[in-house]
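Here subunit A shows up in two complexes: once beside subunit B, once beside subunit C.
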Partner chain A sequence: MNNNIDEKDILTFVDAVSGFFFQVTQEKVEIKAAYLTEGGMVPSTYDLTSYITLSGDYVGRIYFSAPRSMVAHLLMAMGEQNRLEDRLLDATGEIANTISGNARKHFGETMEVSVPTTQATDANWLKSVVPPHSYVILVKWKQYRASVVVDIQRVV
Partner chain B sequence: MKLLIVDDSALIRSRISRILDDPRLNLIQVAGMAKNGMEAITMFLQHMPELVTMDITMPEMDGIDCTEKMITIRPDCNILVISALSDKATALKALKKGARGFLYKPFSDEDLIAAFLELTSP
Partner chain C sequence: MDDKVSIFRKYRNILVAVILFVTADALVIGINFYNTYRSDESGVSINLSGRQRMLSQRTTKVLLTLNEALNNDDESIIKANVKELSLAVGLFDTTLEGFRDGKIVTGGDMKPVFLVKVNTEKSVDFVKNTYGIWDFYKRLLKGLYVPLPEGYIPVAGGKKVGEVTDDEIMESVRFIKSNPERLYAAALYAQRNNLKILGFMNDLTTDLEFVNNERAAKLRIVLVAGIIFAVMNFGYTVVVSIRDLMKTDAELAKARGETVEILSTVREGLFLLDKEKKIGTQFSESLPVILRRDIQPGSNFLTHLEAIAPKNIYESAVDYIELLLGDRVKEALVASLNPLTNVPVIATDVLGSAQTRYLSFFFNRVLQDDVISHLLVTVQDVTDKVVLSQQVEQAKNLAKTEIETLLRLASGDFASLQQFIAATGESLAQINEKLSVPHDDVRERLHTLNYIMRVVHGIKGEAAVLGIDVLESYAHECEKEMVTMRESGDSLSGDQMLRIAVLLEGFYQRHSSLAQVVSRLGDALGKTQPQSAAETGASTHPFVGHVSSLAERIATDNGKQIEISCQFEKLFSLPSHVVQELQGISVQLVRNAVTHGIETPQERASRNKPQSGALCLWCEYLGNGQYDFTVRDDGRGIVPARLREHFVKNGTLSASEASTLNDNEIANRLFMPGVSTAQTANKDAGHGIGLDAVLEKVNKMGWHLLVKSRANRYTEFHIQFNTTS
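Up next, the complex of A and B:
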């Protein structure tokens, strides 16, 4: 594995994604794939993407990208009536925040996390920002697919 | 009992507010909702709530500093930290600054109700 990050580190993010979906929906999310982006296998970007910037003993970003329809369905599962664009963006940021924050159980407080940056994105956005040797976790919940991209390096 | 909800996510503020519709929590009334620590301090001084839910990762002032300031102003305030930061050190830091409880995100409705009931029980 690259970047001083091992399989156990990446499994932390898989667990965080699974835990988020299960807690919110009481349904298991399907992990369709988890792989290193060697050879330019960065996944397509979905409608809404949020990222958390890492600092402290780690640098990089954690991305969560999902279609609007999936985020709207998640909001419905949470009992949220407001499913306008602002709330969809907010929810996407909260998912990225929760996945990254939960990973600190494994990485510790020296992995500092920023507030989320969230935006509507086109299909190639991740390809333009994700560096080589990042980790991709593809998930499926109901009929929807989403991706988590982990670009993380230990600096000490 | 007045509650101030502090979280930079409108979704979480809305969710906490909605969970308060549960009849077991009918003594708690939302006095205000703030989206960062600075706004929270202003609202705290305005309403002097007995109860606060506090996010940690927020712009302008984080929840740890905000907790410390609120406890300085009102030492008997019950602050429940609600955060995705799942490392033990962060929870301990919040408790050392005066928070009375810590709830990890993602949380269920029942998790939050139980935390409120524990904090507000005599």
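Up next, the complex of A and C:
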């Protein structure tokens, strides 16, 4: 599925997430594992997932999935008192928005990027929507794990 | 020579100003010195002409006193005045001669001094007129005083004017007493002419003063002119210097501006490297960006290089740079040896993410007076170029896959191909599963990397056996990258694990293409299930042919000759998963035997061995379900002493570690990840993966590995297993 993209392209999305966390907490996220949705391997889905849809020279989706506790901790680090579900979803969407900005910068303005969609997800949700040969990158921030799933391909 | 002319032209104006200044100063000082000298002479003349007036008066007074003393017959007064008259007449007479002729006379302090001859018309007349009176006056005085010796010239320490003895005085006293009329006549003459002499001497003094004043006035004019000239010259020098400095500054500023513009615009990293390997004070703005490092002027280039380049490339580069900075070899001759082209480097971005990029460094000698002073280094980020060529190569390989598959089908070995595709799919899935496990530290990542390298090495070996170059080459490229990652050791990051995932995707793409082609063509040919040798009707198992071809290809590539024999009757009756594992193991051991064990024909000849090395593979049934699978070569053998020396030389072991390990422990090192005895790495050996992979397979299957060897005779690898357990 991921024709003609390399680790530089993928790192653009991971760096966006890392940059977001670094800006807010001065603490980057670390890549702990990277694999393909192939050979029976499925992407890790957490409580909250946001994604953006790309069109143009590249098509596909970039997902960011994180546990509620991680996003709540992030809000706390941002000094926010409101940690209700809506605010947690908004914060997850902001991370997808940052990914969107980095994607535009990296792939050029010809790439169209949708507004982020955010939802609460169960453990199998990503497995049901992500096709084979997508990249799954497991990242860690403090004691929490989250996943960035890259399912894009070049069409021109 | 040209440089000297250029410097002269550059500073010509300042040089002319300085020469004029020095010349004028020398002239003024010379004139000043001359006038000062002449002023001293004038001073002496004026003083002595004044003294003449006093001496004339004194002579007159002494004559009158003598006359009176003679009348009173007072001899003591006569003697005293004779002495004084001798002094006054001597001084007056010699001084007057000095004015006339120029000579050494007695000065005011009674010491010798040179009196310059008068030279103005007036002064000469005054002296001549004085002589007109003095000549007669002096004749009248003869006998009344003690005269100086003829031609008297005062000298330091010699007889002084007026220095007379009592006898000489008494002789004049007696003359005076016996010739009183001479004294009377002289006194009378003195009374009548004293004023005239005084007048002439007074006029002489006035004239000498006038001449001296004229000279002083000239000196003042010269001094003023000299000062005016010096001030003008200083002003000229200042103006010219400032103008030249401003011009030079403008030229320098322009040149500096151009240099800065070039260094800020050029996309390549540019800098000068001195003999201490230090980076120059100026370098292009692109350099830190390309190297992804903070570059300080004067920092050591090798330190930066060591941090980003693989260890083996770094070590080669150190030697290469040393070679270029020396003058023993020509630059053009060693250019092709540059190890720093398309160097894979691990660099981190601002967020600390590691990326593999490719850099090329080019070196040019900079000469000053035909001596190498620096190296001009150009650094290019060739990542896009390398990646593009890799992609082109990948596309070519994918196309090649179909051709190779067709050829494989044409050779009738469809079963091996299908087995390989299935096994490779499983291997890739194993790698993916390993990658999915989160790793919290470098040690875990290194462990996984070594595992993946063994699996990839296995795929490479099996692809080589089947002649599927597209997968063999790709596996080799992956291996090379992973060796670089492994060498980064403690800095092996999660980002690099992402790179492995990308490499895995490349494997999947090639595997998928191959599988599709095999499936499509298999369908067309009605071959859907793997077939055994018996089913294909072949007399020997295809693996025998494949492993023989592989061994011969590796031997040819390494300049060696081999004869291979296989006794596999017992092998193919074993369960298929056992056969598959043994095939994989035998491929690694065959590679190992040909590249490391068997010698070149020349080396074999020197040991009285046949030119072709013997490589034997056999599987033997030992009874009670026990088997022995052996790979034997008649090459160099495993020699602990050689290994010990090699490991110390390549840094695998320190000298003290090597000396404490026994021979078995040294030989066991061959099975550790990353350990190789090859001098250089190539597709067939040198990455230190083969024996590590063999041991891992043997351990996984619960088998036993036995190694036997004799120096320069043989090496045998025995895999022993029991099919009933």
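Heads up, the rule we're going with is that the second predicted complex is superposed on the first by the 153 of 156 C-alpha atoms of A that agree within 3 Å, B and C clash if a C-alpha of one lies under 4 Å from a C-alpha of the other, contacts with A are read in each partner's own complex, and residues count from 1 in each chain.
Heads up, the rule we're going with is that a residue touches a chain if its C-beta (ideal position, glycine included) is under 8 Å from a C-beta of that chain, and two chains touch if they have at least 3 such contacts.
All values reported here derive from a predicted model rather than from experimental measurement.
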| item | value |
| --- | --- |
| Simultaneous placement of subunit C and subunit B on subunit A, clash or fit | fit |
| Partner chain in contact with A:Tyr135 - subunit B first, subunit C second, else both or neither | second |
| First, second, both or neither for A:Gly19, with subunit B first and subunit C second | both |
| Which of subunit B and subunit C A:Ala33 touches, first, second, both or neither | second |
| Subunit B versus subunit C as contact partner of A:Ile10, first or second or both or neither | second |
| Touched partner set for A:Lys105, first subunit B, second subunit C, both or neither | first |
| Nearest-approach distance, in Å, of subunit C Cα atoms to those of subunit B in the combined model | 13 |
| Touching both subunit C and subunit B, counted on subunit A across the two superposed complexes | 19 |
| Contact footprint of subunit B on subunit A as seen in their complex | 19-20, 23-24, 75, 78-80, 82, 86-87, 90-91, 93-94, 97-105, 107-109, 113-115 |
| Touch list for subunit C against partner subunit A, complex | 349, 351-353, 355-356, 387, 391, 425, 428-429, 432-433, 435-440, 493-495, 497-502, 504-505, 508-509 |
| Interface residues, subunit B side, partner subunit A - complex | 8-12, 14-15, 18, 57-59, 83-87, 89-90, 93, 104-108 |
| Residue ranges of subunit A touching subunit C (in the complex, touch as defined) | 2-4, 6-8, 10-11, 14-15, 18-19, 22, 28, 30-36, 38-41, 133, 135-138, 140, 145 |
